[in-house]
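Chain naming follows the written order as A, B, C, D and E, and within any one chain the residues start at number 1.
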């Protein structure tokens, strides 16, 4: 047990069967038969999924696959039609969102929720848990919460610096750019110091250079013993940091496996990745594609003119 | 409450009566009006202001009070939803008013009575009907000429019984005026042997009155009593619509709603035969013409006589007291209102006073005789009847005078 | 022109009981709306239950003054709970309407003939402030400089009133710079985000509703104590509207905003009204009669609010940057 | 103390009467009891009435005369007891309600009337006396009709409010005044210029629409341009409401007025319902307008653009929509519909400068109940509010009828926080 | 953007010499000169950006978060107040012109966020896209439906209930409804699945090939630079680098500061 968390995680995943719903040796989250329907549409229908403790797991799938909805069910922001799930062996269905978060399972939002008229730093501080000053009566006497507040601020500033938001520290969060909001959203969630952090497309719209440096931070989280579950469409990122990948499509979990396996899975490529996922569009490919498109276009034009 | 009550009542809210400032006559009688210019009772404002203005005009034409013309400041009483009245009283007190005429609403009066009487100023309402004022702690400074509901209710109730209505429905506006009057009518009618089959207290601000009328309709009473202010026009519409016209059911009205310009616009005969009671012995017509000289746009005349009488009485009391200080005026008000040579206008009365005669002012709103609580003790109620043109005849069918207490 | 009267009444209004009463109501609204984003349009109901709680306890049940105050406070707490449980899950604009509705229900019940024996119908209740003035330490007299000043009763009420106002401001100040206040402000911005961070949003909203309601309920006490009476229609929607106007005039989410807003509000009200009345009665505005002063005063006051807010939409203390952030 | 004084004076009064000897029957000086007995329209002659004082001491027993009248003079004021001897009545007559004892009070110098209402003995007559529509269901039907009547007027107001709220996010507290304004303009045309109400109403709606357009062009639009927030605008609208309401009072006065046409129409009976023809017309017009506007909003390009603007003005502009133009159209139509609401309210009730203010809360309730910002929601919500107000009076006192409707609002929102037709927003 | 501490990239490479821009901008379809713009009084987000795009060109704009890329697009499109500088469209001065009149002039825009009408259905959203050319709605709808088949299936679903990626599709489709001659895209590929990202880039190119001038802001920077003719790197509201797409993509400075090496790994 001297190996680092990464090694442990990789070891755990090494011989695991690559099939949907495979049991994990030390799951932090176990989900059973979660179903959510909107009218006629079944957005989520997950039979069984386990998330390995101390790992970085990616959840991928086409748009509308139900990933965000799945997150919503797990974190108490929406009520599942049926199903049950446990977090650290504790059943979590029907638990209100704030309790879910308190029990150590924190999520971010795909469509960011910056607290506009709070400063960036206040946004961060809010994330900290068990603040003494959040009790009405203790709040009245600054002495009770000052030192804790200072600690929180220190932690917040560290995170902000890492997320390149330190210059924005005293600006209103509402004045951040789209990408900066994403960053704040993630940094704030980390202030909670959760056991399991669920990131919904954390890097969409974030500058690639910054993404790269943040990935290091995410890996750090694993080193600190945190479990990360994230949704992402950036395959470079998925490949780089995830230990395990779960693929959803049309509400179902269709595949599971380590990144390399998943990315060569025919079905996944078909439904999700497309032909060009693993290589930058090369000149020749581009040409070919353009020609193809042009041909289609001219055919269309011809059709038009013929009409 | 009036002078006699003070000692027993003052413990309730006020500082001891002695704290009322001593007489401070400055030689000029200054009247303040605290009457509705805005708010839900704003329609009562114009006739009340006109009543005071008319009285003042006559007083000053007759040489004023204590040799000087009477000064007057008009302020807005608003309604209870705003705090205008309190502000207005502040202003009047700052302007050294000796007596304040108002407010129209009992509730508004209640909210300022402490302030006014605390400053040793006469608080004289032409329109408060709430029975609370009989016992209120007022250092003997509160008076009113308002139509005594007790007597009017009794007269109206008796009229209804005498007309043979064995079943009666009452539609009353839900405030102290409406419910007070309705209570009295209900009691009299029941005692007389008729049955009040339905009584509806309605919110005068309600969006419509169909449900209220439907309740009456369900009981189809022979007599229908309408107690309220100008919203009665809407109630009338509804009665006609729901098939309870005056031609089939006997309607009765009260002083608050007998004069209403909207009736004239209704089809001929809508109000034919309807009876109504109005306090006051004088034929309203003459007085109304005089008021129209003051304010040609006047349409409604509710409480104009009471306001007119209030101003006259204050002026006479000041003359009698030879002082314009509120406390002195209050002390003489009861005296000039009763027991002495009867007189009917300021000029007539003041001449008598100057000649050293004890006077008894009989006003347009009635004989006005104050009891020890500052309430009118005696009143005359006229019974009027509408004709085919939806107006009531200027001459009353009958006048009844009586003690308000019984 | 009686400038002295205009001046004195205006100065009195600035520090007078109306400012205390409306200021307290507005401090409550500021906590609800300014800090927490709860569009509580039922503030008048808190004042009403407090005023009536005191009045009914003292006059109908013949209990001592202090019991009345406790009953009033308890009534406000109960109202906050009753109002909060169903409404605090609603979106802001729905909450606004529901709270107006609740406040109207309260008013109509107080007003009704049906409950006249308890609440006194449309006339309300009076005669419950004796004990309060019995505690008055000021001897009889006039306190102030020259024409500016109050009698001993008003002085006593204002002394207590302003102490309560300042205490409330202090509490608001302390709370709002604490983490507790931070949670409230965050709820104002986005509840779901706050939930996601593990805060019990409902509990905080309820605490905010309670605190603001209790502060507002002192406004109800002072209203009753000053006027010696409570009446149902006083506590209509107008009062809440005015409280909101005051909050916005002073600047939302600013500690002293409501107090200064209340001063501006009443100064504007009194100054415009009395100036106009003087102008008319002295014949400077020949086409107007004194009866028309009332409505025109309101017209001007309305115009005044509009102009103030057009010129300074963030209010006196507000931060322009803050409102430039599009919260929609 | 007072009572003692009164008793004493009464006693003195009695003494004076005693001294003066038997009182004369001059009606003005009457002090006692009197009444008239009629049965089936005919006076009842010879019925015996015994009068005693409160303590049961007999005062006098009289017999009704040929006109059916009887009268007893008493010396003292106070309570008396009058008992009708039923055996002296005509064979088939009985006292209605069965009680033949009355306890009236005699006041000083006044005669009190005493009534014994007589009816035929047979029971069936009684049932016939019951008025039509007095059954529970009859009443319920009438009240439902009234509810629809009122609800549709509220719906017109609500539609305008909801349109403006939807496109601009402005909670317009001055909307009540737009309603009043419409009615008052129609009044000016109708009464001032003597134009028949229908053309006057059309003119008023047009003028109100133009005013609404101007209001946005000159005022609200300018505020938007300066980036004034919605809350500040809401408070500004309170200022506007105060201003407009009092301006209307200044010109129109504080009294109730009614239009010259269609005033106090007699009702016609349709089944259990009695309705004035104008109500039926009004319902027709209101429904037509509501449906046309609602459909226009759902189906026309401008309507969809309006909803787009309400969702996201910047994006709407990016899509090529002239946002200001759309908002002005909405303001114009919202004001026009509000004016129509005012006119309808004026026709069915009467006009007053506070009429809009008084109904505003119900309008807000309607809009909210239906779901903010949806046109048909406003219709449904308002109807629910209207019907509830009226029908609830079957159980609650009418003075509290708004309480019922408002309570329903709260209860419905408990279960459907997004309103009846509103939709929940997606989280995340 | 309180630019106190000078960033190395900016101080070295910030373009002070505008001659290249002035020269290139000759006859450009759309050009911006020394734009200064911002949201809050006294805070400038754009500090004199230059940009031009020739007829039929595909331009990419990349840069760190908060650089002002979106602001630049918004400023061009009349959604942010320009404090100084000019924007010319085909020679016409369109500085601070309202967005809807720009749409009439053939400019289309896809915002970065809040880019759908949540309470409208997908179909209605697209209808709004074709607001100024209602006649073409049918034809264009078929076109975008082919691009994003998911949209056609769901045409009656309210956009507010769509997933992030689905929204992005609607947003893109909405802008394509008008057949604009100049298209401004703000991170069109964000939130889309890799497959659809490809589609977006290919489409952008295809549209461009059909004669539409495209300006594209992307964080998927490498992809963007691969397909665009020229690229701008924006930092702190100023142009930090410009060049052809491939030049930028291979510039070690740009790689280090903006592109990162992840995608290559």
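Just so it is clear, a residue touches a chain if its C-beta (ideal position, glycine included) is under 8 Å from a C-beta of that chain, and two chains touch if they have at least 3 such contacts.
No experiment lies behind these values; they were computed from the predicted model shown.
Student: What chains touch chain C and also chain E?
Tutor: Joint contacts, listed by label: A, D.
Student: Following contacts chain by chain, what is the lowest number of steps it takes to reach chain B starting at chain A?
Tutor: The fewest steps needed to get from chain A to chain B is 2.
Student: Please find the two chains that have the most C-beta pairs touching each other.
Tutor: Looking at every pair of chains, the most contacts join B-D.
Student: For which chain is the distance between its Cα centroid and the global protein Cα centroid smallest?
Tutor: C
Student: Compared with chain E, which chain's mean CA position is the farthest off?
Tutor: B
Student: On a C-alpha centroid basis, what's the spacing between chain A and chain E, in Å?
Tutor: Taking the mean C-alpha position of each chain, the two centres sit 26 Å apart.
Student: Centroid of chain B to centroid of chain C, CA atoms only: how many Å?
Tutor: 33
Student: Between chain B and chain D, what is the separation of their C-alpha centroids in Å?
Tutor: So the centroids are 25 Å from each other.
Student: For chain A and chain C, what's the span in angstrom between their mean Cα positions?
Tutor: Computed value for the inter-centroid distance: 47 Å.
Student: What residues in chain A touch two or more of the other chains?
Tutor: Touching at least two other chains: 68-69, 77, 109-111, 175.
Student: Can you pull out the residues of chain D that are in contact with at least two other chains?
Tutor: 246, 249, 397, 399, 402, 427-428
Student: So which stretches of chain C touch two or more other chains?
Tutor: As it turns out, chain C has residues touching two or more other chains at 108, 111-113, 192, 292, 294-295, 297-298, 321, 324, 327.
Student: For the complex, give me every residue of chain D touching chain B.
Tutor: Going through chain D, the ones touching chain B are 2, 6, 34-36, 38, 77, 96-97, 102-105, 107-117, 129-131, 133-134, 139, 142-143, 146, 149-150, 153-154, 246, 249, 253-258, 260, 263-267, 269, 274-276, 279, 345, 348-350, 353-354, 358-359, 362, 389-390, 393, 397-399, 401-402.
Student: Chain C touches which residues of chain A in the complex?
Tutor: 75-77, 96-99, 101-102, 106-109, 113-118, 122-123, 125-127, 129, 131-136, 139-142, 145, 149, 172, 174-175, 188-189, 191-192
Student: Spell out the part of chain D that touches chain E in their complex, as residue ranges.
Tutor: Those residues of chain D that touch chain E are 301, 304-305, 307-308, 310-312, 314-323, 373, 423, 425-426.
Student: Taking the touch rule as given, give the residues of chain B at its contact with chain C in the complex, in rising order.
Tutor: Within the complex, chain B touches chain C at residues 11-13, 15, 19, 36-38, 42, 45-46, 49, 73-76, 78-84, 86-88, 90-91, 94-95, 106-107, 110-114, 118, 130, 132, 136-137, 174-176, 179, 201, 203, 295.
Student: Tell me, which parts of chain C touch chain D in their complex?
Tutor: The touching residues are 86-87, 89-91, 93-94, 96-98, 100-102, 104-105, 108-109, 111-114, 192, 237, 241, 244-245, 248, 252, 292, 294-299, 301-306, 309-310, 313-314, 323-324, 327-328.
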